[in-house]
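Notes follow the structure.
Labels for the chains are A, B, C and D, by order of writing; each one numbers its residues from 1.
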């Protein structure tokens, strides 16, 4: 493939970590995920900023998505500079120094059968 | 980040508030949501118009999405100029005076396990 | 709003009408839906063509989405020129003579709790 | 319809084959699907590459999506050059020699009620 694959800045307007789970394994714990794909030959430095309804944004959260790798990050696991609160509306902007592709997925097991949602994120730059 | 993030007009062709819920909390009440993200440094004035299958559109519903804030609105909560009827097909156009990012989500608990859908809205201007 | 809202041709690569339902009402019968929004001031003539894995396309199925109206069509209800078979992979192209916005949704009640998916369709012209 | 319909390269940043199923039929076995639509009059040669979190990409997996046909492929069924492991994060790039439309869908029956997700893939060339 020739040329860059994807975009350097993406936004996800939806964000919510369900505060309960009926599953007990990590896989079946309710989670909110951002999936990043870097098909290029250089590692991508990723900076994620979290936006809230009623206070200033938090971030950047820093990650590396290696060359020719995909990185599926759970917002549940974010810790530095601060955890992402559960049961709280948020949104996110994902900025990379290389073109990447971003998709948003939630697994929700608050009731005793899991639910899923997913959408391509919004390329914004 | 430099430059505007998002678009000023978005459309969502799907819309339906499930008329029943098995959940009793606000969180587990069936709902239809529009999520708006404004990463800019100016508040965004939002006007939402609701379209129906068999009658003229209703609106605008007016909201403000603050600078560097996200606003997750439930169509269930809309009241002025009129509530959005449950169990009725509708669609929506979201217009802002600043660039924003818009995503559409539904949580449906009509049967005793929740279901979710989500998609980026369609940027149209 | 000024200018056209949407596109004249859209494609949906996914299509599948689940052949069973646990729900008995029309609302909880498994269904595959295409949602069309026409915010313009002229009625939109819609032609939908259905593509299959192993035979020639079928169509056009003809509909009208009125000016300033939304039309949520169930593929389950298509009849002329032929019903869309259940339990069969298909895809669709939606062509309109006015700009419209198109979204794809499925409700699946094969197991005793509904599932949902939705995505914006792919604008192709 | 005139002109090409779709794009030649698409990316899906999300990918995960749920390792368990409560359904026993092929239809209700957990699966991850890529749906391809080729509305053109020439067969499309498809090459899919799978990306992982911690090792080099695998592929290409080769398929043909016939002229005026749709092809719904389960990653579960991929075998040559290697199966796609279950319970493992992955991503994919779909390259075609004709314009096509691509959509991503998952059916997850790990818990006793199915869940669905779907999104249009990301056009990247």
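The rule is short, and it goes like this: a contact is a pair of C-beta atoms (placed from the backbone, for glycine too) under 8 Å apart; a residue touches a chain by one contact, two chains touch by 3 or more.
These figures come from a predicted structure and were not determined experimentally.
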A student comparing A-C to A-B should find more C-beta pairs in contact for A-B
Comparing which residue numbers subunit B and subunit C contribute to their contact, where sharing over half means same and under half means different, the two sides are different
Note: subunit C sits from subunit A at a C-alpha centroid distance in Å of 30
Per the C-alpha means, the centres of subunit A and subunit B lie apart by a whole-Å value of 21
Residues of subunit A that touch at least two other chains are 112-113, 115-120
So, in the complex, the side of subunit B touching subunit D is made of residues 113, 115, 119
Subunit D residues touching subunit C in their complex are 1-3, 5-6, 22-23, 27-28, 33, 35-37, 39, 68-72, 100-103, 105, 107, 109, 112-120, 123
Residue set of subunit D touching subunit A in the complex reads 9, 11-16, 49, 51-54, 56-57, 87, 89-91, 93, 95, 104, 106, 108, 110-113, 115-122, 124-125
